[in-house]
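Look for subunit A in each of the two complexes below; its partner is subunit B in the first and subunit C in the second.
Showing the complex of A and B:
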């Protein structure tokens, strides 16, 4: 009898990991195809990443090498985007800047998203005095327009790469704490949590294995929508002299350096701005698509 | 009764925020680089003079005592003096804040006049060409850095097309400002009947205002569109349609009910325009508080920086509070939780 029963149970098919990956790629592609604007955003980001990957091949000039014989020359085959007032090749500088701006945006947003989500989730789960304090702290951080907060912190710390990274992390963390906290408060009332408690799971296991995965959607949406904004903040801070220092190849800084020549005819000095628009627009369109999908 | 309690509760919650804003502002100023005593004395003062000035300015006092002094000064309306000009910061900012406000109001006017109708049309003619154009302009608007848009517009419309004036502030050099009545050049020149100055000030404010408006247009258009769409889905609109009410009446009803989120977005836009003015003012040499803050940062003049961050933070927080309260007034259905 026993043996017969065993043969009757449906054997668990174990999916090959590669096949599973393929299925999720296939699904993402299907989602992208459904919406033209999301697809456009996707290609903008892919294009920029492509440039970053190809940078060892396409950056043929030293982005920091000046050339006094070749100052402010318009785009040509030798200098695809022309040269700036120091004779530096703008194409090479723009590509190097793409690498830098994307790196700053991706790392700082991911860092504040993950730290903020954990703080928010824990604070929302336990509630009490710590949660109350956390709420007041986020209230205060969110009381300032983030650009002004960033400006103030950068003015105090001084313009530099690591200070910019820190500032980007700080100005964004409050919003992630708030989003994760709100989601946690509504999730923890669910019955699956009660079930997990009854079956003897530890609190940390419930938070990490059961609740956090269910809180991830709004955090993920917020993350994609913030990539573009982070790029704008980096460029804007550098433009007003409180981001990175010259001669760093950074989009905002390049425009700031060339502003007085730009408005008087050297239009090619504005090309890095088109890259900012491409990157921010790409992330915004992608973020909108993901939000529609999640909501 | 409910409304009253709601307002009181919002105000009570506002107090710790005010406290926090001063704390953040103080902390940032505390860490600002540069020696305030050296900036105040100017030139190359002797070591003794510097030391004396530091003691006089209370720079050696413990942090908490300095915060306490800052707070008591603040409560008596004293924002300190600019080290550079030796004038009270309050006057320095008073001279400039109206330039910022004038620019913000003109931009807001453009936004409301263009953004709301555009949003309403987009909602009623969903998926039409106008809708697509409006959405594209909207998404582009929030993706374009304002400084870049400003520079490109200056290049195209001043340098190439010669339609707009150079980015040299509120009036061309050599033209006297109108007699000071309100501090807004447009209003002042109108009141004193100086049509030439009125024309010039409108001409000079146009490009910075258009730039600010384009960058801030998106939130209002988007919010109007989605708010009207939301309302149009509601049963009472369907009922109104089914009852055969004229389309005009339906427009009016829908817009009225979509008003709250639009109002909030307008409030937030004012906050963003004031904080974004720091960039626009640099691009157009507009002599407002944003440009002043940047100059103060460059010259290590601590008190104006402190005052600027405080004022922008307070304005932003106050606008948030007011829009929250406005919610309560406009929509009686709101639960005053």
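Showing the complex of A and C:
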């Protein structure tokens, strides 16, 4: 048999590197389009991100500037969502709050997901005593309902932006550790790990380059599902006075302020409330979609 | 011809803990049971040779092979590779050995990382063993390797799931030969492929061995595969080698009853040929609870008194043909 016959030839087409990226975007869009709820969630998040990006243009009032002539006014053309008890423009405050809440949710969830995934992966890979110790620490964190734990930590540390970031990071890290560990335990038994050993890889390279990319799917699903929850926790903590401090434009604080003036109207409460609903619902629907896609 | 690999007294016992409630009565918390997967295996391979390791499922073929490349740490014994005992080398020094010794896995699907494309999979041994550093050189060598195993440049950016089973196994072989090893362990390279694709791959393996002057240790349960690729064959039964010799010698004149039975089970593609089947009755004993004496005693048709008392040793009866059987080694 001559060698030419044995070579499987495919017609040569050189593909532009961007084309592959475009194909994956195209594919994601195709999947999104087939699932109405996921698409709805996607648009809610896109809408909020759009507002955040446009904020330098659409925030025309200083969100902290008081106006004693215009207190608790209902929506008008001058103040699109009305003003609060100090005469501050609710529209501007809501948009600024969107920036803040999304920032807190995205950074803390991504931070705890990446740190948790690495800790969980190492714990699952080595097993034994390392695993035992790490999992008992995780057990302690998981033993508390996360909102109670968050309230406890915030009450102990005091209400401030950085303490809130830390709390959000801590209450969520345990579940990421667990998810990554479980996946790692099942992935490390695969034969490609042995093959990687034979190819001369070091242990750290096997974990980072070979195993982590294969463990990432469930972690990514958990991450999207947790964005909404993180927003809710930020708002809840601020509402009960354990999150951010009062002058800050934040959804929970705005609801808390508005709740005191509920007898005079629901505007100052329902607008930030609607934004919370939009964000939480959006992230959850999107997360569900991604979970279905991954599973 | 110099000996490239010599295995002496290789043993691998897996400890199985049997827990019970005896500790309530003051006993040990568990009872340690030894599963004797590989029990005193001896063989050697000369440079440029292809040795076949045959035996039924669960007889310790793969464990032996994984001990040799140290994916499993052997319990006891020596593995002398190019004059150096590697059985007890620390993990850090194994990289040096694996540059010269590579492994082709049985399952082409599971042994390729699903998140790495073919190019990265093949570039790994090249970079890790410090053979090529430059990006262009690596790419050139990857294309070269793909062409060696009958694939082409087009497959370079594909993920394993975009390839067929045969192509995946070719990638597995390409990865194993990337670092130009002298010794290649093939763990049933065609077992998970259909016959026509498997035959193609076997042709290429024979071809590769000649061109790159490699030494093979090939594991198979398919005797025709062994006959096609190997010069010598070792038959394993329950963690021990029962017969070794040249392929043609063993196929024409099997001495051990187990080998006879194994060969009589090979189908002959002719409906008019009457095959004299030798049926081994009974079950394979459990490797945890082995009988005293010969391991085949409860299934062997020629069993006699010595079989139940003494364990037979591998004795050379003809030139290069050894057998571990009381009946045959006496005469």
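Keep this in mind: the second predicted complex is superposed on the first by the 275 of 295 C-alpha atoms of A that agree within 3 Å, B and C clash if a C-alpha of one lies under 4 Å from a C-alpha of the other, contacts with A are read in each partner's own complex, and residues count from 1 in each chain.
Following the convention adopted for this analysis, a residue touches a chain if its C-beta (ideal position, glycine included) is under 8 Å from a C-beta of that chain, and two chains touch if they have at least 3 such contacts.
These figures come from a predicted structure and were not determined experimentally.
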item	value
Touching partner for A:186 - first (subunit B), second (subunit C), both, neither	neither
Partner chain(s) touched by A:36 [first = subunit B, second = subunit C, both, neither]	neither
Partner chain in contact with A:198 - subunit B first, subunit C second, else both or neither	second
Residues of subunit A touched, compared between subunit B and subunit C (which is higher)	B
Which superposed partner A:76 touches (first subunit B, second subunit C, both, neither)	neither
Subunit B versus subunit C as contact partner of A:21, first or second or both or neither	neither
Partner chain(s) touched by A:214 [first = subunit B, second = subunit C, both, neither]	second
Of all residues in subunit B, those that touch subunit A in their complex	16-17, 20-21, 23-25, 27-33, 139-140, 142-148, 151-152, 154-155, 158-159, 167, 271-272, 274-276, 278-279, 282-283, 293-294, 297-298, 305, 309, 312-313, 316-317, 320
Subunit B-facing residues of subunit A, complex	37, 136-137, 139-141, 143-145, 147-149, 151-153, 155-158, 228, 232, 235-236, 239-242, 252, 255-256, 259, 262-265, 267, 270, 273, 276-277, 280-281, 284-285, 288
Subunit A contact footprint on subunit C (complex, rising order)	66, 69, 71, 95, 98-99, 102-103, 105, 107, 110-116, 124-125, 128-129, 147, 150-155, 167, 172, 175-176, 179, 200, 203-204
Complex contacts: residues of subunit A adjacent to subunit C	1, 6-10, 12, 190-192, 194-201, 210, 213-214
